[in-house]
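Chains: A, B and C, in written order; residue numbering restarts at 1 for each.
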Amino acid sequence: MKFLKSFCILFLLALSANAQQVIIKDVLGRTVTLKKPAKKVLLGEGRDLITLNILDPNPVNLIASWSADFKKGSEYADYKAAFPAIDKVPIVGTNAETFSVEKAIASKPEVAIFSIKGHGPGQTHKEIISALQSAGIPVIFIDFRTDPFKNTVPSMRILGKVLNKEKKANEFIAFYEFRKKRIADRIAKARPARPKVFIDMKAGTTENQFSTAGKGNLTPFISLAGAKNIGEDVIPAPLGQLNLEYILTADPKIYIATGVDSFRGKGVVLGKDIPATEARQSISKRVADPVLSELTAVKTGKVYGLWHLFYASPFNILAAEAVAKWSHPTLFKDVTPEASLKELNQKFLSVPMTGTYFISLK
Amino acid sequence: MKEMLNIKNLSAGYPKKRIFEHFNVTDIDAGNIVALVGPNAAGKSTLLKSIASLINVQGEINLGNDNLVQLSQENRSKIVGYMPQHQKTDVELTVLEALITALKVSPLDHNDNSEQTKTKAFDVLEQMDLIDIALEPLSNLSGGQRQMASLAQAIVRKPQILLLDEPTSALDLNHQITVMKMIKEYASKGNIVIMVLHDLNLASRWADILVVLNNAKIYSSGKAFAVVTPTMLKEVYQVEARVENCSNGYLQIMVDA
Amino acid sequence: MSVTNQHIPVLKAKRKEVEQLYAKKLSRRWLVLIALGIACLLSFCLDISTGPSLLKFSDVLKALFTPDSVAKGTSIIIWKVRMPYAVMAVLVGMALSLAGAEMQTILNNPLASPFTLGVSAAASLGAGLAIILGIGIPFLSENWIVSGNAFIFAFGSVLLLQALAKWRGAGVDVLVLFGIALVFTFNALVALLHFIATPEALQQLVFWNMGSLARSNWDKVQVLSIVVAIIIPFSMLASWKMTALRLGEERAQSFGINVKRLRFFSMLRISFLSATAVSFVGTIGFIGLVGPHIAKMLIGEDHRYWFPASLLTGALVMSLASVASKLLVPGALVPVGVVTSLVGIPVFLYLIIRKGKK
């Protein structure tokens, strides 16, 4: 009887341990098992701190160590003001090449969250992955950059599970899906003509260079918004460079520049704390380019700006709303990405996003 | 033109290593052939290079009243011609092109019209029996042919002092004689030829003056009969040998060991 | 020389024959140069008439000669997009190939190119400082900061090399070793820049390093064409002396050539040509190596012909690479530096194999 009792206790203990176990299928289809939800993670791309803020009002508390890329942006100052401890979070590198496995292991994360491709270690960095795994740190891949249209929701779901913040994750997914469906339904119903769009990413940072989205990245969001990205048919990768002549020949009806605050002095600026006038000035300067100024979009004043980091963030749906509104103003008269941003700030972000994230030159 | 060459108090060498100190060879007459002989590493090639001022030299190399050391490189090249010991093997220029180039960069000949240049070049080719290989790239030639071509590059500029570093080392017997005859003929026009030779028989046969170098110093110098002796061979080369007078009047060294 | 009397008529006939063969060879060289020139012109036309917009050839011609008679878009495509790229391709090919030819001669090394001695590595460092740290020459307009910096560094690296060589009285082999040391130093410094770069700036630098004609504009075309036009006559003036240098350094010296001076001025020409070209279009590999080699195969080593032939082969290869980079992925922009390497490697391998057989 005594034996049976202790067996029962052991069984219950084992059961409770099992109950805590988390089994995850990441965006690459890898199955990863965690003994229990993670409290401290290694962040392969620092910018995903904002993503974590969706799930937790104190995201800094969730990070064991991270990549330094986020430190260069001006959002960092806000997070630092809210969470002074952020300065003490160990840095494991600035990109995959400078990633220090030793520092990563020393920071004792329970799990590593990597983007499949981006500015930190990605799926191709097998040595880093296997070194971390053999140190008992499972690696989980998320994706907001390569195919965010497919992977944003799964990535959020994965993060919710890993961090045991499924409720918040589901709330965000609902917020996201609602907007996605709203756009899709209206386009499906109205079937408007699809205007050609050129999205000039990192506009103006390098002379005569025209980076844009190809197959993947923001392209499906532009399609969702009832427009046609001119980069889709010619660039085989998610991101690439367009030939200037091709842009002239395609002659887009809508021109969208993307930029961030760190391009100040070089190219188009938008985002955190950027005043609308400055954003407009930077875009005007870009479209004054002797060749771009020949585009119909520029001549007819259909010139817009987007925060560059929408291209690698779960807030990509806001970019879709903006493109939808710019492409079909009457159809999306009541939809404003600004309102969505406001809701995002109210419902999810303890450190709100303030500044210019979408802008029309006119 | 009939001026004597006197080398006085010549010091020469490389930046970190002096080879010669206070070196003297005097009274080399126009028309003379001087052979520098001596064992390996005696300093023969270095002496030749210093006469050509290709390395740092101090002292006097007087031709008549001119001190060649004081002349600019360009002016010196009007008087002194030099054939290095080794030739580059990867040169795609043809034998003829090399000669034309030698003339075109010469301060004396560079104003020639192309017809004059060509004539000068072809004259030397003809003289040296090189017409057949005139249009062959230097890289395609045999070692001996390349040596002939190299000699032609020095001779084509008609220098008053011709310095040759082992001009016959890659040649067969027949071509050795051809080259030596040509050198003799060249000297007889009032020029001075100084050459490094390893073959003592050849040196005795063709040179007017032999200079025996040992450890960067002159061991002896003078006519072959006076210089090439069993004692010299023993002391300088550490070889036991006899020196015989042949019926043709030339010396022949017979090694006993 | 024992030329007996009865041989003389035979020899005279032989000499006549060889003289005629030589004259033939010279006129063949002119033909090769003319053919190369025509090939360049054709390739240039092809470059102008290809592009993702698939303009009709007749429209291209109209846009060229009567720009007002075509749609404004067409004339912009021809004059503001295709033309500066195509002219830049030709000029860059010329500059890098001539610089490569000079380099091969003065270093006495068939594998030398303007990049052997760290010119492009230095240019990358200069560009990197401008892109990543925003360090640049004051008062230079935004568009010129990266190019300006790249030029200063590339040019400075050659002067530094000269100074090192002079200081140690170093020969050619030591010069090459110094150059290799510089390459590694600059590369290490660029890697250090990578470490502190923002991800966006890093991508920009990586792209810069790939080499692209898309950075061309008329101002840059103008600058490079002036540099090339000024340097070519000086190269040609030195061509006899450079040919003599091929016969060996001592030999050239004995010919009365001040080899150090010759080498210094050649280095100066090389640095102007390659620093200007690289600072405008980034690292474009192999032209400086392959251009002179193809020219040598076609025309031999007489520098009077080899230099112009190198100019033309460089222009031709670069112009063809420009066409290829447009056709490879129509509409997208494939950095031309990548294509030149891909075009260059087979030619290079062929040369090695040919040499091996010989």
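We adopt the following convention: a residue touches a chain if its C-beta (ideal position, glycine included) is under 8 Å from a C-beta of that chain, and two chains touch if they have at least 3 such contacts.
Nothing here was measured: the structure is a model prediction, and the numbers come from that model.
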item: Taking each chain's C-alpha mean as its centre, the one farthest from chain A; value: B
item: Innermost chain, taking as reference the mean of every protein Cα atom displayed; value: C
item: Geometric centre distance via CA averages, chain B-chain A, whole Å; value: 80
item: Length of the line joining the C-alpha centres of chain A and chain C, rounded to whole Å; value: 43
item: Computed distance of Cα centres, chain C from chain B, in Å; value: 41
item: Contact footprint of chain A on chain C as seen in their complex; value: 51-54, 72-73, 76-77, 80-82, 134, 142-143, 146, 194-204, 207-208, 212, 214-217, 326, 329-333, 335
item: Touching residues (chain side chain C, partner chain B) in the complex; value: 1-3, 11, 14-15, 18-19, 21-22, 25, 108, 110, 169, 240-241, 243-244, 246-248, 250-258, 296, 300-302
item: Chain A to chain C touching residues, read off their complex; value: 69, 72, 94-95, 97-98, 118-119, 202, 205-210, 214, 233-236, 240-246, 248-249, 251, 260, 262-263, 265-266, 290-291, 294, 308
item: Residues of chain B defined as touching chain C within the complex; value: 15, 49, 52, 54, 73-78, 80-82, 84, 86-88, 90-94, 96-98, 101-102, 104-107, 110, 118, 122, 125-129, 131-132, 134-135, 137, 153-154, 157, 163, 178, 181-182, 185
